[in-house]
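Here the structure is laid out as structure tokens; the discussion comes afterwards.
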Amino acid sequence: MFFHVKQLQLDAKPDQPDPMYARRLQELLDGKFGEMTVMMSYLFQGWNSRGPQKYRDMLFDIGTEEIAHVEMLSIMISRLLDKAPIGDQEEAAKIPVLGAALGGSDSKDVIYAGMNPQHEIVSGQGAEAKDSMGVAWNGNFVTSSGNLLADFRWNLVAESQGNLQVSRLYERTGSTGVRKRLAFNLACDIMHQNQWQAAIEEVQADGLHEFQIPSPFPLDRVMLSQAYTF
Amino acid sequence: MFFHVKQLQLDAKPDQPDPMYARRLQELLDGKFGEMTVMMSYLFQGWNSRGPQKYRDMLFDIGTEEIAHVEMLSIMISRLLDKAPIGDQEEAAKIPVLGAALGGSDSKDVIYAGMNPQHEIVSGQGAEAKDSMGVAWNGNFVTSSGNLLADFRWNLVAESQGNLQVSRLYERTGSTGVRKRLAFNLACDIMHQNQWQAAIEEVQADGLHEFQIPSPFPLDRVMLSQAYTF
Amino acid sequence: MFFHVKQLQLDAKPDQPDPMYARRLQELLDGKFGEMTVMMSYLFQGWNSRGPQKYRDMLFDIGTEEIAHVEMLSIMISRLLDKAPIGDQEEAAKIPVLGAALGGSDSKDVIYAGMNPQHEIVSGQGAEAKDSMGVAWNGNFVTSSGNLLADFRWNLVAESQGNLQVSRLYERTGSTGVRKRLAFNLACDIMHQNQWQAAIEEVQADGLHEFQIPSPFPLDRVMLSQAYTF
Amino acid sequence: MFFHVKQLQLDAKPDQPDPMYARRLQELLDGKFGEMTVMMSYLFQGWNSRGPQKYRDMLFDIGTEEIAHVEMLSIMISRLLDKAPIGDQEEAAKIPVLGAALGGSDSKDVIYAGMNPQHEIVSGQGAEAKDSMGVAWNGNFVTSSGNLLADFRWNLVAESQGNLQVSRLYERTGSTGVRKRLAFNLACDIMHQNQWQAAIEEVQADGLHEFQIPSPFPLDRVMLSQAYTF
Amino acid sequence: MFFHVKQLQLDAKPDQPDPMYARRLQELLDGKFGEMTVMMSYLFQGWNSRGPQKYRDMLFDIGTEEIAHVEMLSIMISRLLDKAPIGDQEEAAKIPVLGAALGGSDSKDVIYAGMNPQHEIVSGQGAEAKDSMGVAWNGNFVTSSGNLLADFRWNLVAESQGNLQVSRLYERTGSTGVRKRLAFNLACDIMHQNQWQAAIEEVQADGLHEFQIPSPFPLDRVMLSQAYTF
Amino acid sequence: MFFHVKQLQLDAKPDQPDPMYARRLQELLDGKFGEMTVMMSYLFQGWNSRGPQKYRDMLFDIGTEEIAHVEMLSIMISRLLDKAPIGDQEEAAKIPVLGAALGGSDSKDVIYAGMNPQHEIVSGQGAEAKDSMGVAWNGNFVTSSGNLLADFRWNLVAESQGNLQVSRLYERTGSTGVRKRLAFNLACDIMHQNQWQAAIEEVQADGLHEFQIPSPFPLDRVMLSQAYTF
């Protein structure tokens, strides 16, 4: 069961609208290694788990934390698409003009060229469940195999690849608010890399797995003559 | 921000394993009108909203409830794929045999033919983020337009189509536990239909929208001669 | 059986080429709530129907009208991508240069940045079966459940969400011809909202359905204690 | 503009329900080389065309014929999923039991294993816009390049691959009605192969194209030393 | 079994970075008729073949050649995204700034608008397995039917449509190195059109197939009255 | 540049046709962690690499080996779908009957229910570029980020998850030939896990990366107060 608290884990606002950057943030939200992917992967690994309680707790704890990350990124994308004070979208929706959200007259054409048109036409200046090229997030991004070691390794990868993307986008904005948002993400993903690495070691120390997956596996089934030649 | 309580909203266990029914439940979990779709749609509508607070609260409340529905269905699918008591999956994963989960010897071949092979090969007897034909849930299932009336109408549809599917699957099982699970869902979806219908009426009573979308819209822009001829 | 008349329901020509606007019109043609989606949904609902004849006739009538809308939008997209008089594409195809379709030299770079490259490389300045971000229309957009009330509700939503998108794009062009095209669409979609709302009421007045879907459904199967608490 | 006549081009009814065969027919309807693909490809080629009128007429004529093929196959699929006389689906939808459509008690389990569960849960015993494995038809199946010769060649392929699939499914049914349906399709696709081959020859005889695509193309741009060595 | 030689079939370097052109080249690499599609189609046709050895050899020979084309295009895309001499990517990855790859300050904003953001955020200035709109290449692009004539016809189409796209992109660059790359491709695709046309004729001359697919097919199964009327 | 040798790395033949197992092997070939995914990921990582030569060599060596694995699995799938001696497919294709490949009369109905219908209708008893549920392999499965450590971690995961799937399928066949095929794969994937783990350690020993990705990264950009609290 889940509860929602109407408060963000960390609040941050962009200095000004930036539709082209909003489009890029969609990659961190709903790309292959975005927040949605880790959220759903940890939750599914938890729901599917019959392993020791301590690992299930860990999966639910971090998975639930990731729902909050999805929330914070979605709201940041909405804010980057929004020129108006909170509360006016309904008004704007009546006579739908993207208007001044497109910034000063000089850069207007370039923003028109570079933004995601669906942010204007489809979602009403809101976030979508899609990546930076408009391709929908899909459930094949989720990894949950029923094997703790294989999944913890994948979790470490997801945090590694995801954090790499965050750091690349960090360089592309000068906005104090957006950088605050991403600095928080960078910190969390470093912590999570540490946590999954610890879990990888612990699941082997517990004797549940050896390094090679799958293990223990009857070695007479492996064509050993091949395993150590190349 | 979200919190997770390690307890199900309603606990229900299947009377026996049933991999072919587990495959069908994936439709309710991750099909186009499954629980994942309403969960993500309500949350995105909430995160993208600049409308009145009362509607945002409603979106977050029902959206968070739907995360619990995703949880309950995922766990039910795992249980339908599982012959073993909770706690033994790790053991089973070491020497991966689907084994007795396939039921008595008479029906074994038919179950082998009719189950989703990925439940055995990929997810280790766990739920996937895919529909009953193995097609991944995708973010294009989410509807969030920034227009309250258009979205509330969609919400009513999602609960209608979803509930229709629940009722069809209800007929196809004799398991007391599974029927308990679905009877709960049927009740929730009826309640939600009532709620979204009330919201549809209220958003018009509030004067935010008229029946026709978009409204108010300057009528000189509509080719009125066409609107009432056919 | 279908017949084609070599004449458009309403003819309209753009004042000048506009590849970035052509890209946006793809959303109305082949996005999730575009013309292709309503065309195929109404036709499938008709082909799958065993309900009263009057509803099947309605589905085929409006579905067939939507084929013409797909036709008119496709041709408008082609025209927006085309600098040349009708008849010269074959010539242009021989030595394929997008050329002057890209407008004056000043805006050429921006158009190059903002257009859909497939309009040049793949479709030869023609419409594609894809949305504004280049994602292909797919059959999961079609809704046809065999339940008249559930489907009529969906039809109302599709016309609502679709018309919202048309109105948003209307604001983004100054072209008289394009606005004429969209004003016609706005009128049709308002008419269709009226029609599906009437059908929603009639199918209940006929006694085929009650408000809650599915109905009539044996109430002892619903966990009623849940349906009216929250 | 299109018109619909409430009569099938050729009427045929299955001798009995056959859900597993219905699933297979989805391949002919909405697979990569199914009727939907040729229908939409010919229509898009027509809408995008600036070539000679005679070819546009041909594209619209055959494309419109294919809408009728989509219609006939969709209805055949519905009939194969339906045990009840036309008119009773609404009744069946009220208390949704697939029931006797599943055939005699002996084969019921096998049919349950082999059918597409969405035909029961999602579409209410109706056709879907998906292939035999439940994967949605998508707009990337459409080919329309603006080059008549390249597209006519593709049209010939689509009729060839499609007809091959029809002939393979013909062998797998003993139903007189279904075979009548497929015999008609086989005849049409043979005729269409003849027609597109004639068009391939004519477009070259007209001098619009030479054998090699693209042509005429300035030969100094081709690394000719490579073109004739291997 | 395959071997790799650490040398390109033809080496070519762009005169300067050009991220917007790199995005367009993705269409030739991983679009529906890109190099990846012909590579995998020819290889699958070969692996699935039980036909005469001479055709299998041909399929493997051209299929293997196409792996090298995939290689050359991927490397060209990387080079167009790269300002730095080969060897520095690892350094650049440490502090990820796209930097001067974006060209002079005047055009920087336009390039930012028109490039594929994933080339910066996701792939680290490398090629992706996606088309020019960021849609992933997928296995449904592969054609392999087990019927030699149907597949050779498709092979001819793939080379025709693909070459058409190459020729269109050739016009859009002034870079000597890129034109050298594409001139080579144009030559290969002309040669391949010749080769598949020869195979189409030979497989009929061998008596394996007649013009109409499928053939020989018992004519009493075809509704002949339909095949020659329209 | 690549060369093909007309000989398999390891030849193995199934004891008898088994279409339901052939369907399952598609998961190992073209599922998310199948052979196609590792083949294309290693090759793209190599083509995109500007890192030290020793790692590029390793990527090309293992990537090229994986093309042979794709080859061997594809051929095994074809053989499992084939009752006929090699050479007769062309004959079978003329009058397309799956025939005795479906085994003895007793199990024929079950096989008909459980096989992938596309193996009969579409691919002519050949392998497809799709997973065990008929969903096409897609380019989003490829990981290539330009960061050696992040990618080597992913490579280790892919071999771990892939090998887990191989071991699960090993249990489901009694065929000596198929087990020989999979025993070889198990050995290779164990070797590859060892190799990628060694590379993970070496790339850190080389001083190119520290444990946390991205690194070195200016720590003042990370909200450190968050990184070590939870």
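By written order: A, B, C, D, E and F. Residues from 1 in each chain.
One rule holds for everything that comes next: a contact is a pair of C-beta atoms (placed from the backbone, for glycine too) under 8 Å apart; a residue touches a chain by one contact, two chains touch by 3 or more.
Keep in mind it's a predicted model, so treat the numbers as computed, not measured.
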| item | value |
| --- | --- |
| Contact-richer chain pair (by C-beta pairs counted) among A-F and A-E | A-F |
| Taking each chain's C-alpha mean as its centre, the one farthest from chain C | F |
| Distance between the centres, which are taken as Cα means, of chain C and chain A, whole angstrom | 32 |
| Euclidean distance of C-alpha centroids - chain C vs chain D, Å | 22 |
| Chain B and chain E, separation of their C-alpha mean positions in angstrom | 40 |
| Chain A: positions in contact with at least two other chains | 32, 61, 95-96, 110, 113-114, 122, 130, 133-136, 140, 145, 147, 164, 167, 214, 217 |
| Chain-level touch network, classified as line, ring, star, complete or other | other |
| Touching chain combinations (by label order) | A-B, A-C, A-E, A-F, B-C, B-D, B-F, C-D, C-E, D-E, D-F, E-F |
| Residues of chain E that touch chain C when the two form their complex | 20, 23-24, 27, 31-32, 107, 110-111, 113-114, 131-135, 164-165, 167-169, 171-172 |
| Partner chain A, residues of chain E touching it in the complex | 95-98, 109-110, 112-114, 116-118, 120-122, 124, 130, 133-136 |
| Of all residues in chain E, those that touch chain D in their complex | 32, 61, 135, 140-141, 143, 145, 147, 149-150, 153-154, 156-157, 160-161, 163-164, 167, 170, 179-180, 183-184, 186-188, 190-191, 193-195, 197, 211-214, 217, 221-228, 230 |
| Complex contact set, residues of chain F against chain E | 1-9, 30, 36, 40, 43-44, 47-52, 57, 60-61, 63-64, 67-68, 70-71, 74-75, 78, 82, 84, 86-90, 92-96, 122-130, 136-140, 142, 144-148, 208, 214-218 |
